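The chains carry the letters A, B, C and D, assigned in the order they are written, with residues numbered from 1 in each.
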C-alpha cells in the first residue's frame, strides 16, 4: 500500500521480454519488499507485436520507440531485453536520462562498450544490474554460501560447461543470434557468458585464458524464427555464419584454481546443459541447470565410510529465496531465477545500491569473453586486463 | 479483450490458497484461452489474514464468511481450499447457488459425502473439478498419451508411493491435518489420494484392495502451525493423534494389473517423494515428483543392445502444456501444475463441461480410500463398489 | 601352505554352478583365511556337461550321481546348486554323511522340508549356510552396520522390490523355474526370497503378511533353455504354468515397522532390479542391485540446509569386504558377493560354527514365503509361525 | 586340453600385478579360446614379497631379477607392471629375447623411448599390447561400435575427465607416482593417458593441443606406501614434488572435433571419476567408470517427444564380452576389463598379430602426452607429430 513503486519500462518483447515480464508480475506475490515494480510500459518496433505482448503480459502501456521510454516521467527503470548490439546505446541513454537499468547478458558487443556503459551508470549514479539469472538459483546461492564460509577449503578446480543443441540442423536459419553484427558472438556471448559469471561468482576472478572457437556449419539459409526458438522461417538463400558454434577455454583463476570451460550449441541431446563442478581442498559441489533445484555436495569432514556426494534439494527454508515459494520438496523452475533476480533489483533501487551482478560484473565478464576471442586468434594465453 | 470472464471466489488462504491464487494470476500470462479468470474475492474467517492475502495475491475483495461468496452475483465459480471437513458443505451450497466448483482433494470425509457432492453438481448442472494437480505435470500427461496409444501394451504392474517426512518429530503439534474430525484421515487422504488418482488416470479403475494403516506417534502437543508447514506453535498439553501416519495397500485393477501403494509422512529424507512406476507388456515408465519434468520410458521395441530407460525432459513442444512456458530444457516447477489445471477448469466453464478430474473422479477416489480403511479394519480384501 | 583345506563337492553345473565355482576359485586370491577351499568334485547327471564344466571351471574330478559325493572321504562340504525340489534330499543326506552344507535359496519346497533340513544339520552338527548372496554386497553389510549402531533410529518402513523381465515373451518356454514340481514357486521363491532375506537381515523378523500372487501368462510352449537364460528351445506343445509370475505382499515386522514387498518377472526394462529402501526415525537408506556398489544414506543429524541422500561408493577400507579387492572407486560386480559369502562359509567350517544366513534363516524365510502363499489363497492376513 | 599354452612371466607384484594375475587366473574360466595363459613366473626384487604374491595369486614360480624371465625357455610372454621408468628397458630386452610383451601404461617416460620400444617389438616380430584397460569395458566397446557404424554421425565434441582425490592430504608421502624420475609425470601419465586412449579409440587421432599443468602441493614427506594405496609410511623429511597434480588441455582432432581433457588427483570426492562424453551430429554418448556397466546414449532418430538419453546396462548378449559373464543385469566390475584385455592378448599371440591397443597406440598416446607437456611450457598450441 504505502510501498515505494518502481515503474519499469522494458525494451524487447521476445523470450527475455516474456521472462522479465513474468518476474515483475510475480514478484509481489512471492516477496514482501519495501518497494514493488509497476509494469508501466513495454517498447518494441512492431506495434502489433508489442501491443499484444503488453496485453498478454500485463503492461500498462506500450511504445514503438524505446527512446520514448526515456522521455517519460512515469518510468523509473529501464529493462533491456533486446539483441546484444543495442545494449550499449540504450543503457547509456537510459543512464543519462537518470533511469535505473537492468540489462540482459552479455552486457555488450565488446569490452570498450562495456566500459562506456559502466562509466555511464556510475556517472549518472543510477542503479544497474545485468541478467545473469543462474546466480539466483537457490542451489547456486547456497553453494556460494558454502564456499564463502570455507566449507570447500581452497579451490583447486572449476569445471563448467553449457551445452545446447538447438541449431544443429544445417537448415536452421541464420537468425540474429548467429549474426556477429547483432549478437557479437555465438555460443560464446550467449552461453559461455553464463558459466563465466557462475565461476566468477562462486570462485573469483580469472587471471588468464587460452581458448578455441569453432563454427561447424558455415552457411545457413537466410531467415528468422517465428514464434519461439523452435519454429523457423527459412529461405533458399544462404548466408555466412560469422559467429562461433562452440568455444572451449582453459583458465587460471587469481587464487590459483584451474578452470575448464566449454559452451556449445552442438551437443546433441543437451537442451540446456549448464553444469558446473567445483573441487576444493575440503569438499566439492556439482550443479546442473536441467535439475536446478538440486545441489550435490561432498564434504571431507564426513567420517570415513560415510563419505559421498549428498543430493540436497534446495527448497528448504535454509536455502536462499526458497522460503518465498513452496514447502520443502516442491520445486521451482527456470522462471523463478528471474523473480529472485528482480527482487534484488527492486531492493537495490529502494536502497540506492547496485546489487551484484551489475555492470561491473558485466564488464569483467566481457573482459574474459574478449580475452578468449583474442586467445583463439593468437593461439596463446591471454591475460585478463580488467581496468575496472 | 472480448474474452469471457470467469469470476472466481476462493475459500481458504493458506497453502492451497496461495497455489490457486498464483494459478489464476498467471493463467492469462501463459495461456491464450477463450475465457479468463478474474480474481474477484477470497474468503476466510480471520479478517486480518484474509485481507493480507487478498492484497498480496491480487484478489479484488475479500469476505470473512464463505457464504457471502455464494450470495454475490459477481462470482461465477467457487474454489474450495479449506480443510477437508468443510468441502462437502461448501461445494453443495455452491452448486445449489449455481456456481461452478473446483475443490481440493480429497473430495470429502467419506464416500457418502462424495456422492452427495456429485449429486449436487450434477443436479445443478455446474462445472466441477477436483484438485488432483499431479495429473497436470507434462510428464504425466505424456505418460497417459503413451499408455492410451498402447505404447506400453497390457499393463501388468503399478507401483506408487508418496513419501514425506514433515511430522516425524514427536514434538510436531497436533495440527488440523492430524485430526480426524477436520482432515478425515492422515497420509491416506492427503497423499494416498494423489497416487490413487495418478493410477486411475494412467491405468484405470481399481477393483479391490487390501491395506494396512499405522499411527507411529500416538500423542502430540496440542497446537497449530504458524507461518507455513515448517513453523509450529506447540503447548505442554498433549492430544491423541487419531489419523494414520502411514498407509500401504495392495490392489487389483479391473484390467488385471497388480498395484502396490504406500503413503507415509514417516519416510525420513523424502520431502515430497511422489513416485510412480508402471510396467506393461511392451514398455515401462517411471516418474518422480521431485524431478517432475522428467519421464523415464523403456520401450521393448528398441533394438536389442540399445534397450534402456530414456530420461525424457518433458519441456518440448510435443509434451502437453509445455509450449505455454519456456524453450526446451527450461524446467517448470510445482506451481505450474496448478496453472495447467486451471486452464482446464476455465476452458471447461467456457465450454460447459466438467474436465477430468472432476467430482466423479473424486468420488471414485474416495471409494478406494474408504475401501482401504475398511480393509485395514477387517484385515481382508475389500471390493470397490463405486455406485457412481 | 599349512592352511586347512576344505574339500568341496558341488552338485549342479548351470548358472549357480558357475557362480559358486568362480567363488571357490577366487577366494584364496582375495582373502587370506586360515582355511581354503579345494575344488574337489562336481556332480551332474549329464556326463558330457559335467565333465566340461569340471574342466572349464577347475574341478579336480566329477561325478554323475551326487550320492557319490557323499560317499567320498575326500570331500568335506557339499554345495547344492540344483533345482529347488532336490535341495532337501541332498542336504539331509549330506548332513547325515557328516558333510558341511551350503545350499542355494530358497532352502526348500515348503516349511516342512525346511524344518527337516534344519533338524538334520543340527543333529549332525555340521556347518550350514544358505546362498542369500545379496547380504554380502559391501553396501548391504555397511547398511546393516548403520542400522545395528542405531544410525537410522527406530525403523518405520521397509520397501523392497525385485523386478525382472526375462519371461515376458509368451513364447518363452516352460523351463524348470516355471514348474511347481521342480521350483516350488515362481518369482516368489526365486526373487521374493531374496528381498525377504535382505529385510530380515537389515530390520528383523516379520510378524504377519497379506499378499497376492498372479500368473499373467498361463500357458507356455514346453521346452528348456539351452545355453543360458537367454537361449531357449521351444516346441509346439503347450503346458500350464503353475507358478506365480508376480507376487506382492504387505508385512508387519515384529518391531512395528511396515513393509511392502513385490517380486515379479513381468517388469519390462528391469533386468535385475533388486531394490530396497528403509526409513527410520533418524535416517534412511536406499540400495539397488543394478548399481550395487553404491549405498544411499540420509542422516537426520546433518545440519539443516545440508540434508540430502549421500551416494556412498562402498569400495573403501571402511566398507565390509571391500579391502579384499581394489582401491576405492574401483567397483566390484555380481560375482564378488559369492566370494564374500564363501569366505564366511570357509571361515565357519574352520571355526566350527554356521555363519548367517544359515538353514535357520532359510527356514524362517520359507515360513514367510509360505505365509504369503496361504494369505494369497485365503485373502487374509497370516501370522508367521516360525517354530524354529 | 589340446589348447596352446601361453606361458607368462610377469614383472611387478603390486596393484597392477594383482590385477593382471587375476586376469590370467580367470581368463579360462570365462572365455573358451584356442589358447590359454599359464601363470609361469612372477618377478620382483623383494624375495619375501614376490614369493608371497606368487603363492597367493597362483604363479608357479618366482624370480628376484626380471632378466631371469627373459632367459627362461619356458616363458613365452612378458607382462610389465613395474613403475614407468623401467618399461622401456624391460620391453626392449623382452622383445630382443623373442618374448611377446604386454606393458602397463603409460608406455614409457617419453616419445623417444616409446619409439624405441615400438621399433624393438616390430623388429623382433613379437606380439605387443599396452594396458589401456578401459577400452575393454563392454560399454566402451559398444560405444565404439555405435560410432563406427555412424550412429552418432560426425563427431563435434569430446569431453573427458579423470578425477581422483587420493593425494590431497599434504601429509600424503612422496611415493613413486609423485617422482618424475620414476613415474615420468603425475596425473598426466597416470590418468590423462587413459582418457587420451579412450578418445583416440572412440573418435580418432588428435591433431593439436594446448594445455596447462599444475602442482598444488609442492613439498611432501619422504616415504612410501605400505599395503595399498591407502596406508602410507611418512617421515619428517620433506622432498619436492616434481610431477603434476593436475593437467587440463584443449584438443583439435584430425576430423575436426573439439576436445577438452582434464586429469587430476585433486578433485575431492571423486575416487575414480573417469568420465567421457561424445557429441555427434546424430547422437551422443556418456560414460562414467564409477558406473562402468552403463552407457548413456542419445539418438536424434528417436521421434520428437521421445528423445532423451537412454541408460543402457551393457550386460546383454549384444554387448561385447558380456556374454562371457553373467545374465543381463548382473554387473561386472573393474577387474573384468583386465580379463577382457587379456583375452585379446592371448588371442593375438595365438593368431600372431598385435591387437589394439598396442605399442603403436602407446607411442601415439605418448606423443599427445608430450605435446601437452611442451604446450604447458611454451603456452602455445603444439602439433602432434607422430612419426610412427
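Criterion: a residue touches a chain if its C-beta (ideal position, glycine included) is under 8 Å from a C-beta of that chain, and two chains touch if they have at least 3 such contacts.
Protein names from UniProt, one per chain: A, B, C, D = Dehydrogenase.
Predicted model only: the values in this text are computed from it and were never measured.
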item: Most widely separated chain from subunit D (Dehydrogenase), with each centre as the mean of CA atoms; value: B
item: Between A-B and A-C, the pair with more C-beta contacts; value: A-B
item: Approximate Å spacing (C-alpha centroids) for the pair subunit B (Dehydrogenase), subunit C (Dehydrogenase); value: 41
item: Cα-centroid distance, subunit A (Dehydrogenase) relative to subunit C (Dehydrogenase), in whole angstrom; value: 54
item: Inter-centroid spacing, subunit B (Dehydrogenase) versus subunit A (Dehydrogenase) (mean Cα positions, whole Å); value: 35
item: Contacts with two or more other chains, residues of subunit A (Dehydrogenase) listed in rising order; value: 270, 307-309, 313, 316-317
item: Contact footprint of subunit A (Dehydrogenase) on subunit B (Dehydrogenase) as seen in their complex; value: 1, 15, 19, 21-22, 25-26, 28-29, 32, 55-58, 164, 166, 228-230, 270-273, 289-293, 313, 315-317, 323, 325-336
item: List of subunit A (Dehydrogenase) residues in touch with subunit C (Dehydrogenase) within their complex; value: 142, 297, 299, 302, 304-313, 316-319
item: Contact set on subunit B (Dehydrogenase) toward subunit C (Dehydrogenase) in their complex; value: 152, 156-157, 159, 161, 163, 165, 168, 210-212, 214, 216, 246, 248-250, 252, 256, 258, 260, 262, 264, 266-270, 277, 279-284, 298, 300, 307-309, 379-381
